[in-house]
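Here chain A shows up in two complexes: once beside chain B, once beside chain C.
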Partner chain A sequence: MNPLQKNIRATSTHIARSFTRHFASKADAEVAKPYPFSKNAIILPSSPEPLPPSLLKGTAIMAHVKNTLPPPAAKELLSTLFHPSHPSALRPGSIISLTLAHAPTNFAGVLTGVRHRGPDTSFVLRNVVQRTGVEMRFFVGSPEIKDIKVLTRAGEKGTKRMRRAKLTYLRDDASKMNAISASVRKAV
Partner chain B sequence: MLGLKATMTIIDNSGALIAECVNVLKSKSTHGMARVGDEIVVVIQQARPIPATALASTTALKVRRGDVRRAVVVRTKKEDRRPDGRFIRFDDNAAVLINNKKELLATRINGAVSADLRLRGWAKIASIAPKVV
Partner chain C sequence: MLRRLCATSRFSQARALHASYIACFASPVPEAAEASTQQWSPLSKRTGVIARKRGMTAMWDSNGARIPLTILQIENCQVTAHVEKPRRHSDPYVAVQIAASDRSAKNTTKAMLGHFEKAGVAPKRIVKEFEVTKDALLPVGTTLSAVHFVPGQFVDVVANSLGKGFAGVMKRWNFKGLRASHGVSVSHRSAGSTGQHQDPGRVFPGKKMAGRLGGKRITQQNLFVARIDTALNIIYVKGCVPGVDNAHVYISDATKKMVASAKVKMAKGKEPETWLPRGVDTLPFPAGTAEVAAQVADVIVAPAQGRNPWAPKE
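== the complex of A and B ==
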C-alpha cells in the first residue's frame, strides 16, 4: 500500500474518533438532524464546544459543572423555583403537588425545607397520610419528577410568611399539620 | 432502623397493638437493624382482649400479650432510600404479623405502608394496605 494513503487513512480515522461525542442525554442525541438534501451524505456529529483555556487551567470548574450537568428541565427548576433568591422561588410553607414516575405516583404536601446544593438540590414535603405523618425528600434533578404543581405559595397575598427556613417544628405540631393536610386534600 | 428493644405499632387486625423487636432475621447486610421489608421476631407488649367467640374456637387467631411472633416492618421513623435517591420517613414505626411461612396472620391492614415493600418482595402486604406511599 502507498505509505501516503496509509497516513491519510490513519488521520481520517483519528478525526472521526475525535468527532465522536458522548451525548449527555438521549434528548441531546436526537438533536443531530439528517442532511435534508441528500440521503447518502455522511454527516459527522458536530464536535463539542471547545472548553475555554481558563477552565482547562482550573478556574471555575464547579460553576461549569453546575451549568452543564443538570438536564434542561432540571436547570429550569433550579434557576427559578428552587433558586435561593429568585423572586418566584418557593418559600417553606408552600403547598406543592408532585407527579412522579414510580410509586407513589402523586405526592402532595407542605414544603418544609429546601437544601441548596447546586445540581444536588433537594426539598422535603410533609403530609399526613392515613393519620401518619409522612416526609419525603425529593431531588430537583431527578428524572423521576414528571411535574411540579404549586398549589399555594407561602408569603404571597393572604398567606402567612414562615419565619424559619426549615419547618421541623411541624413534626410536633399535630393541629397545624392537620390543618395543612386538610387544605392539601382540598387543593389537590 | 429497628433493632433489639425497638417498639412499633402493629397495624393489622390480629389483635396485637404494640410489639417489641427481639431479633432481626437475615441481618448480615443490615448490621442487626431492620428497615422496611425486613423480617423480625417480636414480643407482643400490648394486645386487644380476645373476644369470647375467638376464645372458644380452636382455629381462630389468638394473639396475647407476651407472645413471640414474626413480623414484617412496614414503616420506619428512620428515612429509607428509594432507588432514584428519594427518601421517605414516617412519624412512627409499624409492622404486621406473619407466620413462619411468610403469610399474613391478619386479614386487614389499617394505615399507610411504604412502597418499598414491593421492592423487597412483600407485594401481598402492599396490595392489602389501604394506602401505599
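== the complex of A and C ==
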C-alpha cells in the first residue's frame, strides 16, 4: 500500500465520522452509487430533502453551502457558540480553553475576536505564556479542535460586557493581560 | 509541442496517430494506444464547461488541512453546435460550441433565438467554443454536469479579472516610487524618469506608465478540484479564481498538469496508471453529462493530498 495512503487511513479514523459513508443497513450500501472515475474518492451521504430548482440557478446558493458544507460537529459549533447572534454565542472577553489534536494540545485564553465567515469562521485567543503574549487563531470548522470549554462568559451577570467586537487594544495593555492570564490560570 | 517534433508526418485522428508517434519517439507501444470513442486517452482532448463563480469558502480534508475553495456552479450548460473548419497547414479545427445560463426569449435577439431553436435548447446568455478532438464531440443538446471533472484532477479557469480602473505605476507595474521625505516634492508614487536625453530624444513605445488595470481575460492554471456536487452542479476548486461573483468562467482540463503531462508520460512509455494525477483513475469521456451524473452519488470529495501536515516529519 502506498505509505501516504496508510498515513491518511491511520489519522482519519478519529475524524472518520464526518468523512465516511454511513449506511443504515446493508441494503443501503448495495443501492449506493459507485464512482468509477476515482477509487479513493470519498462519497458523502446526500441529504434526503429535494433541492428547490432556484438553487440550480444560484439563488441563495452561498447560504445553502454555508448550511450544508460543514460536518455535523462543526455545524453544531457554528450554530451555537460561534453564531453571530445566538443567545449562547461567545462574546469577546470570554475565557475559553481548547483541547486540540495537534500541538499545543491545550490552549486557553481570552477571546479577542470572532471572524464570522460561515464554514470558514475563526476566532483568536490571547494569553500570556511564560511572560510572552501569545495569540492563536483557530478555525471552528477544523477537525483538529477536540473540545471547547467555556471558563468565563463575558457579558453574563457578574462579568463585564466588552464594548468592542475585537479586543486588539489588549496587545498594548500589559496590566489588563496580566490580570486576564492570572484568571485563566486559576480557571483552568 | 509533440506535433512540431514530428513535422514530417501529417496527423489525422487518434488511430492514425498511433504509428506516427511510434516513429517519432521509438518507444515501446502502450497497449491502450488506440483512442476508443468511449474511453479517455491522452490523445483525446475533452470539452470545457462554462460555469459561474458564486463565491468562496473553505473545507478541511481528511488530513485536517484547510482547503480554501471557490464555488463554481454550472448553470444549464448545453451543447449548441459542432464547428469544423479547415486549416491550411494543419488538421481541421474541430470544436464543440457550448452555451450556458438560460435567458428569457424576450431579451434574446432574433438571430440568437433562431440559433438556439436549431440546437433545440433554451436561449442562453453566453456561448463559447471549446476545441476538442473528433472523438470528444457531443450530440447537440447534451447537458453538461459537474461530474465532467473528477475530484483530484487539475483544471484551468479563465475569467475576466476585477477592474482596477486607472491605476498608478506602483500598482500596475510594481514600480518602487520615490522617497517619502528628503526633499521629494509631490511625486512620491510617480514613475520618475521616462527616458534618456537628446539621444534617443523620445519615449520608447511600450514604456510602462499609469493606465487602466484589470478587466482582462486571465487564466488561472492548475487549480485542484477538491469536491463536486452533482445535485447542485457545483465544482469546488482550491484557491482563487479571477473576477467578480456570479461572473461566467470557463473551466477546462489543465493544459500543463493534465493534457500535456499525460501525453508526455504516454510517449515516454510510463505505466497508464501514472498518466493522470494521483487519485484520478480515468475521466468521463467524451464528457460528464447529466446522464452520467444520474448514475453517480451527489457529493464526491477528493482524497487528502500529500502528507498529513500535523504529523511530525520523520
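The rule we apply is simple: the second predicted complex is superposed on the first by the 137 of 188 C-alpha atoms of A that agree within 3 Å, B and C clash if a C-alpha of one lies under 4 Å from a C-alpha of the other, contacts with A are read in each partner's own complex, and residues count from 1 in each chain.
Here is the rule we use: a contact is a pair of C-beta atoms (placed from the backbone, for glycine too) under 8 Å apart; a residue touches a chain by one contact, two chains touch by 3 or more.
The structure presented is a predicted model; accordingly, all values stated were derived computationally and were not measured.
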item: Partner chain(s) touched by A:Leu77 [first = chain B, second = chain C, both, neither]; value: neither
item: Partner chain(s) touched by A:Ala89 [first = chain B, second = chain C, both, neither]; value: neither
item: Which superposed partner A:Ala154 touches (first chain B, second chain C, both, neither); value: neither
item: Per-residue touch tally on chain A - higher for chain B or for chain C; value: C
item: Touching partner for A:Gly118 - first (chain B), second (chain C), both, neither; value: second
item: Chain B versus chain C as contact partner of A:His102, first or second or both or neither; value: both
item: Partner chain(s) touched by A:Glu144 [first = chain B, second = chain C, both, neither]; value: both
item: Contacts of A:Leu44 with chain B and chain C, given as first, second, both or neither; value: second
item: Shared contact residues on chain A - chain B and chain C; value: 101-102, 139, 142-144
item: Chain C to chain A touching residues, read off their complex; value: 52, 54-55, 57-60, 62-64, 66, 68, 71, 73, 75-76, 102, 150-152, 231-234, 246, 279-284, 295-304, 306-308, 310-311
item: Chain C-facing residues of chain A, complex; value: 4, 7-8, 11-12, 15-16, 19, 32-33, 35-44, 46-47, 51, 55-58, 61-62, 64-66, 69-70, 101-102, 117-120, 139, 141-144
item: Sites on chain B touched by chain A in the complex; value: 75, 79, 82, 84-92, 94, 110-112, 115, 118, 130-133
item: Contact set on chain A toward chain B in their complex; value: 101-104, 107, 129-139, 142-144, 171
